[in-house]
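The two complexes that follow have chain A in common; it is paired with chain B in the first and with chain C in the second.
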Partner chain A sequence: MDYEISLLTTMSISVLFALSLNLITGFCGQISLGHATFLGIGAYVTALLGKAGLPFLATLPLSMLLAGAIGAVVGLASLRVRADFLAVTTMGVGFLFVGIIRQQDWLGGELGISGIGGSGLSKTGFMLLALLSTAAVAALCLYIRASWMGRVFNGVAEDEDTMRVLGIDVPRYKLAAFAIGTALAGLAGALYAHHLQFIGPDSFGFVESVTVLSMVVVGGIGSVPGVVIAAALLSALPAWFQFIGDYKLLVYGGLLFLMMRFSPGGMAGLMSRFFNPVQTSAKGER
Partner chain B sequence: MNMTDQAVAPLLRIADVTVRFGGLTAIDRVSFDVHPGELLGLIGPNGAGKTTMMRSITGVVRTTAGGVELDGVRLDGMPIERRIRCGLSLSQQLVKPFRGMSLLANVALAAGSAKTSSPLKSLLHLSRREELAVAREMLERVGIAQHAEQNPAIQPLGILKRLEMARALALRPRVLLLDEPLAGLNSKEANALSSTIQDINRQGVTIVLIEHNLGEVMRICSRLVVLDNGRKIAEGAPRVVMNDPAVRAAYLGGDTLASAAADQSDTTTACAALGGQHA
Partner chain C sequence: MLALELVAQGLVQGSIYALIALGLTLVYGLLRILHVAHAALFTLGAYVGVMVYNATGNLPLAFALAMVVAGLAGVATFRLAYQPILSQPPFVALIASIGLYIAAEETFRVVFGASGLSFATPPLQGQVALFGGIQFKTAELMVMLGTALIIAALGWLQTRTRVGVACQATVSDPQMAESFGISLRKVRDINFFVGSALAGFAGVWVALLNNLVEPTMGSVPSYKALAIIVLGGLGSVRGTLAAALVLGVVEAFGTIYLGKLLDRNAIAFAFLILVLMLRPQGLFATR
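Right, the complex of A and B next:
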């Protein structure tokens, strides 16, 4: 039973993390190849503050705050560069983060931080907390999608120049997407740190960023249910099949490639094509 | 009518605008006013600087000197989205609808500008019932309400041009800038669309129309500003402007007329020289 609880917690955290990237990349169309950085910031904040004696629940908002603040700064890059240049920039931020962590002894350096704990909750309680947070974030995503913010994000993702002609302050919306998305990644990171009770620089590297991006792409960029299902499945796979864990980058990179090549809309796109082959009517009427 | 127009303060004032790209002067000290309620045509041959003029009004191009004022508010230095919020609205020459949504949703997105002025505000609003109603009204105004639920991806250019105009109107602009709305349409479509533009103007929307189609411009505009080589060469009522020799020269090819004049003066001097010899 312990194993199932642990697996469910892991899956839940992955879903939360993937949803946070989906907000930036899926909703607002800003690609990020360094999203694991914000998972890491959240994890390190909660670990260090926890060691300093702060109660677990008090560290959660601080994790989100710092991750979101740094996320907004990284988001400034999206005001200058677009598409592939933004991908390279965010990738650089990811390497920078890992590079800094490795060199700082007070952050644990290469060895990382172990013995994190004291969430004060039982394993089941922690699982419920993770599931509850993920459900809340999924609900928030659906709400944003249905709000005017979601409509603007949608427009920015498709054609930001036209959005400016409609009087939309595109830079502020992009920063908002980065701030919200990275803050939620910080929340995922905090849960992650307390779940594994050990964090190190390798947990937040490029591989993790590609993994979460492949979850979003496989699910269907922008689709909340698609991303939830894809992230849940893809995070469970390494636990079920040892070789996937061993060849993570190969498997996820391959999936990313195959999806981009054959179904850019992800699973959500496949489904809607399957059930609704001739889609001439406009979607998104609310 | 012009007298009363002059009496009211201009709505849009272009004052000594100069735009230089490196060594090239695209716009050279151009000034004109747009009065409330008028339909002003901005015309000129290819390369005259019409599009650059439009872009310096919307803020896509930075002016080297001079300024643009909308109802007393200086727009210089503002990015395009702030100028739009000040009351400008642009219907682009290249029509770019959002393809993932219906025509109605496209226009509603523009109509929601009050709810999208800041991210926080946009997050707090869900309903778009009012915006959909406004959008439907705008689609009716430009005559494509029957296509409201359809996707723009399957529409012909004529419909898309009207969609672009409906979207610009949905922003409730004080001045509507139309950048070559008739380009790419056949004469029948162009005639119908310019009548629509005229109707919209009669309903009280101030319009600046940049257009190549002189026939339609002559038919619907109340006043013209003519640019050539980045300079304003004429301004006034359509018939008067089109009879202006400078305008005719610009359209028929400045070189021929100028060289004809040069030839003429050459002959006169030659004659004078001959006369001198004779004397």
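Right, the complex of A and C next:
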């Protein structure tokens, strides 16, 4: 049972993390290849403050605050560069973060920080906390999507210049998307640190940023249910694939490629094709 | 003296970057795909090069075969992987490319083993002293020379031959080029072939410099080449070349003077972010 609880907690944190990127990349159309940085910031804040004696629940908002603040600063980059340039800039932020962590002894350096703990909850309790947070974030995403802000995000993703012409303060909304998305990533990071009780620079590198982006894209950019399903499946995949052992990553990479090649709309696209075959095939022919 | 040595080191590294990134620029200029799997062709070239050299002892043949195999694999990648999803948003091609890269890296590991291959008797390992005492490996000098030659040849092809001009026309206005009777399909195939062959060429050089090819040798180029083409102002060949050399030198100096603060990647990307914030169109963008 312990194993299932732990797996469920991991999946739930992944879903929360993927939803936070979906807000930036899916809703607002701002691609990020460095999102693991904010998972890392959240994790390091809670770990260091926890070691300093602050109770777990008090560190959560601080994790979110710092991640969101730095996220807003990175968001400033999205006002300066777009699309592929933004992708590479955010990737750079990720490498910068890991590079700094690696060389700072007070942040644990290469070795990372171990023995993080003391959330004060049982394993089941912690799992429930993770699931509840994730459910709350999913609800928040659905709420934002339907709100005025969500509509503006959608407009920015579709056609930024038109939104500007309409008199919308585009920079403000972009920064809002970055701040909210990265703060939520910080929350995911805090949960992550307390779940694994060990963090190091390698836990927040380029690979993690790419993994979370692939969860969002495989789910179907912008679709909340799609991203939830994709993140849950992809995070559990390595555990389920234990039996193919050595070929785990090969299968993972292959699946990622085949999914994009044959269903570019991701799982959301697959689902709508399944439930609504006529309409989508007609769209495809256009 | 140290400064001169660092510049030399940076230029050697920069030449390798340039070879890899140039191929990527050719592809990017045409299709606007962030082609991460380009680095897999670099690894493929390195494996072919080492195996051919170990079997025949003929270095030019090793280079030629590595370039041809990488080039053909590049064309196959384009036709099977990218062509069908060209109309999709750029995220899709990016993730497909990342998936392809992971799968390729793992295939190398499964087929050739995790510990990699090396040359039985590595060629071009002699030492030469130049400019009053800076030591170079013969291979290091050759890689700079080779890069210069390849780039000169590429420049000549692009500006002086019909095929090259057709490629340029397609980059600047695909529809217009097509209406003048240029076959888009052919131009794309040629660009993928040439770009991937360059990656294969670079792969063999890296194999020579390190005397080792391993499945993961493409992981650093996979992202750093992206950084370089962005730094050079996406799609510009001259910009890419300059950016690669500048980045090589910046990294060489950075690791000496900032090594306590940041690691090599972080230095490269700190430089990239700084440049992009000051010049969002890249260092040498013409447009």
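The rule is simple: the second predicted complex is superposed on the first by the 256 of 286 C-alpha atoms of A that agree within 3 Å, B and C clash if a C-alpha of one lies under 4 Å from a C-alpha of the other, contacts with A are read in each partner's own complex, and residues count from 1 in each chain.
Everything below uses one rule, namely that contacts are C-beta pairs under 8 Å (C-beta built on N, C-alpha and C of every residue); 3 or more make two chains touch, one makes a residue touch a chain.
A quick note: this is a predicted structure, and the numbers were derived from the prediction, not measured.
By the touch criterion stated above, A:87 is placed in contact with chain C alone, chain B being left untouched.
Shared-chain residue A:210: touches chain C; no touch with chain B. Legend: residue contacts after superposition of the two complexes on their common chain; A:152 is shown touching chain B, with no touch to chain C.
Looking at the superposition, the partner that touches the larger set of chain A residues, chain B or chain C, turns out to be C.
By the touch criterion defined above, A:173 reaches chain B but does not reach chain C. In the superposition on chain A, A:144 contacts chain B only, with no contact to chain C.
Interface of chain A with chain B (complex): residues 143-144, 146-149, 151-152, 154-155, 158-159, 161-162, 164-170, 172-173, 176, 280-286.
Across the complex, chain A meets chain C through its residues 25, 31, 77, 80-81, 83-85, 87-89, 91-93, 95-96, 98-100, 102-103, 206, 210, 213-214, 217-218, 221, 246-247, 249-250, 252-261, 264. Chain B makes touch with chain A in their complex at residues 58, 79-82, 84-85, 90, 92, 96, 98-103, 105, 109-110, 112-113, 115-119, 121-126, 128, 149-151, 154, 167, 171. Interface of chain C with chain A (complex): residues 32, 34, 81, 84-85, 88-96, 98-107, 110, 223, 226-227, 230, 234, 260-263, 265-270, 272-273, 276-277, 280, 282.
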